Amino acid sequence: MKTEILKVHNLRVYYHTPLGPLKAVDGVAFNLRTGERFGLVGESGSGKSTLALAIMRLIKPPGRIEAGQILLNGQDLLKLSKDEIRQVRLTKIALVPQGAMNSLNPVMRIKDQTIDGILNHMKAISRKELNERVFELLERVGLNPEVAGMFPHELSGGMKQRVCLAIAISLNPEVIIADEPTSALDVVVQRQVMLTLYHMQETTGVSVLLVGHDMGLMAQFVNRIGVMYAGRLVEVGSVREIFKSSLHPYTKLLIDCPPTLERKGEFKGIPGLPPLLLRPPSGCVFHPRCSKVMRHCSVEVPRLHEVDPGRWAACHLYGNGEI
Amino acid sequence: MTIIYLFKRVGLFFLVVWAAATLIFILPRLATSRNPIAERIGQTAGSAGYLSEGVDEMVKAWEAKFGLDQPLWKQYLYHLKDMINFDFGYSLAFYPSEVRELIYAALPWTICLFGMATLISFVLGSLAGALLSWPTAPRFLQYLLPFFLTLSAVPHYLLGLVLLFFFAFTIRIFPLYGGYSIGTVPGFSFPFLLDALRHSVLPGLAMFLVGVGFWSLQMRGIMVMGLEEDYISFAEAKGLKGNGIFFRYAVRNALLPQVTALAISLGQVISGAILVEVVFSYPGLGTLLLKAVSAFDYNLISGVVFIIILIIAAATFLVDLLYPVLDPRITYHRSTT
Amino acid sequence: MKTLGKSLGRAAAYGRRNPKLVIGMVFILLLLLFWLIGSLLVDLTQSQPISGLPDQSPSLQYLLGTDSNGRDLLAVMIVGTGLTLRIGILAGTIGLGVAVILGFLSGYYGGLLDTLIKGIVDVLLTVPPLAVLVVIAAMRAEAITLNYMIVIVASLSWMLPTRTIRAQVLTLRERAYISMAKLSGMNNLEIIVKELMPNLMPYLAAGFVSIAATAVLASIGLEALGLGPQYLPTLGMTIFWAISFSALFRGMWWWWLPPVVIIVILFVGLFLLTAGMDEIANPKLRKTM
């Protein structure tokens, strides 16, 4: 039984707008096991990026973490002081950001912005060691050591993303959160970057939380998948089980939606409109668009519970987790 | 820095200088109704009595001396040659002083005082503006904001007037006018320098205060936009300390547009400086220009104006040279103007 | 009537969110009112010399006193404010016209025309406006008229807005709806009027204010050197005469202070207006204050 390195309990993140609180993440709980690759999937606005940022406590006003616990190796990150959480970043949890186009400082050389993260957390290290470390990191993500002396604008999109990856692993963190790392890249480069991430994960055994909306990508990369909708987790399971026989109606739609080369047919969108996070529907937040909706669905919020061993769903079709 | 960029910048510099020189050549010849020599001689003749004989011959003789009877294109070439040598001829108002001498005497005052004031106000103002945009900076700084706002809107020389009234006239801390007290001999002696310093406080302050107001607001605007950038949030995700992010990520990137704004504003700054000098009768180029204008001393006017344009073109050029150092992207793109 | 109340209410709510814009407009309106009401209430012929005893300090008869030439300074202020406002508006219009035309031509058609216009703008930007204005003004044989001065100051204030407008036109040109409009058969002129103009509005408004401010600043600068219209009591000329007659040292604060105050109100107002308009374009600038 693998241990769980990251445990999220009942996390709520609300954005306080002049029109009222926007519930971006509304009571999410899941666990990340040591050494696994976990994919967090959902449409835009499902709250997945907010969740990822919240774990690192990077939520900015008007957003605020209202409630919950985020346990890293048993330590609640939400209870740490500003300085302590700063120490945790990069050393224990690292972020590979979305859209690396702009994530690198345009006026600093790659080497310098890789080093400043390291120097921040490790004071007693010599210049020589630092340089060696940089070259080693670049090599690990498949980049030429020359890159160290370059500026970001001299690199391609894929290269920049790999630099961000190199920075993320520079201090051997226990968890890497990759927030849509390949969304802005074309498919060929996407594959390169994902392969790099994959190999890196296999060799170092770091736990990866991959956030994205591309089910196809998830299928090739992760061990387990968590599906998010309107700020809630609606299903969690191993990637095989999710694709073979998903439980939640929304998951089914996500998988069936995109046409594949084998299965030609009409392009089916998901009927209805995404919910207003200001005034979510009553009961199950998906019920207005659900093909299997029952009367009970608009009344009570389904809890995420373990339907079968290792398979969780928040849907009244499978009961509500009462004994 | 690529050669092409350097070339373009040097080219622009010479283009501006040439345009100025040409403008100075063309303009008086457009106002054909005015013949400064004839006027001057007429004035002198008038003050000597009503004799008007021989005035025409005198005018012709002087014109020959000044080369005004040559064909136009020849005059133009001589003119350009003179400009390059800074030979602006004799000052009509301060005859027999050469315009050149007058300018050389006035130049150091202007450059020292206003160069310093502009530089210091730019640095301090930018820093203040950056702090104003930073969420974790001390709160009390925010009270400075309306103050800066008002300051930046006021024309320099009006502030100079107000300062003059309050601190020189009403409360006599500082001297009323001039660059140094009457009777003292200019030189590099310590008492003189101290005296000059005392005289330069108020005019310098006028330039400084307006500058600080303007630069702080500019910088704040730039920073506020810059803080939205992805590289700031990634820097935070790396766990960098606030100070580090402030200086190396936020301010460093904001310097680029800020310095651009400096280059563009130099024309306005000098214009302001000239007028401040007028208010304080400060012995720099401004007061010189005023005297030239009052006396319709065209040689002096064109000389001072040319030097002013030269200074600005040179300053702009220097700032342009600084730019590729600040922004590594510049060498690869064409200039963003 | 109800709808009027509603729109006023909405305007007030917006005003609370964007105080700079409102205060700026209030300042300018104040000056406008000062001139309008003043023109009705005060005998403006008193703004000419020898209208009253010279060097009088403020009294009931002369609310702002008189200057060394016997002008009634209250009348002078009213006339001067009106003249300065006129300089701003006229120069702003002329300058904006130039900026719009050049900015459009440069951004929309590109190519050699663009390079040429950009070059001119860059060179002119380097030149200090005052210096050139001094040369031009000093060249006039006769005394400068107000309209002549308006044209001169307008001629050196249009450069920056031209750049901004050009940049905007460039951006807009690439946008999809231009291609759509072209596809649907609109010709170039139609595109310019129907598609580009509405999107350019905020920049045009900001450009107008900026040009007007620059022009007024330049005109006051010229006047301070004595190069303004000699026979008109503009605010700048008043300051010039005040300095020439050593009003400062003679303690005649009523001579030089009122024009300074009016000019400061004008510029702070223009500035706030610009800042307020910036905030409409960039809501993030509202953060503090």
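Per-chain residue numbering starts at 1, and chain names A, B and C are given in the order in which the chains are listed.
Quick note on the criterion: a residue touches a chain if its C-beta (ideal position, glycine included) is under 8 Å from a C-beta of that chain, and two chains touch if they have at least 3 such contacts.
This structure is a prediction, so every number in the text was calculated from the model and none was measured.
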{"item": "Furthest chain, CA centroid comparison against subunit C", "value": "A"}
{"item": "Winner on C-beta contact pairs when A-B is weighed against B-C", "value": "B-C"}
{"item": "Distance from the mean Cα position of subunit C to that of subunit A, given in whole angstrom", "value": "53"}
{"item": "Rounded Å distance between subunit A and subunit B, as computed from the means of their C-alpha atoms", "value": "56"}
{"item": "Chain centre separation (subunit B, subunit C; CA means) in Å", "value": "22"}
{"item": "Touch list for subunit C against partner subunit B, complex", "value": "118, 122-123, 125-132, 134-136, 138-141, 160, 163, 217-218, 220-221, 224-227, 239, 243, 248-249, 251, 253, 256-257, 260, 263-264, 267-268, 270-272, 275, 278, 282, 284-285, 287-289"}
{"item": "Footprint of subunit B on subunit A - complex, ascending", "value": "56, 58, 86-91, 94-95, 97, 99, 101-108, 116-117, 120-121, 151, 153-154, 164, 167"}
{"item": "Subunit C-facing residues of subunit B, complex", "value": "12, 15-16, 19-20, 23-24, 27-28, 30-31, 33-34, 132-133, 142, 145-146, 149-150, 152-155, 157-158, 161-162, 164-165, 169, 176, 217, 221, 224-225, 228, 264, 266-268, 270-271, 274-275, 278-279, 289-290, 293-294, 296, 298, 301-302, 304-305, 308-309, 312-313, 316, 337"}
{"item": "Subunit A contact footprint on subunit B (complex, rising order)", "value": "229-231, 233-241, 244, 248-249, 252-253, 256, 326-329, 332"}
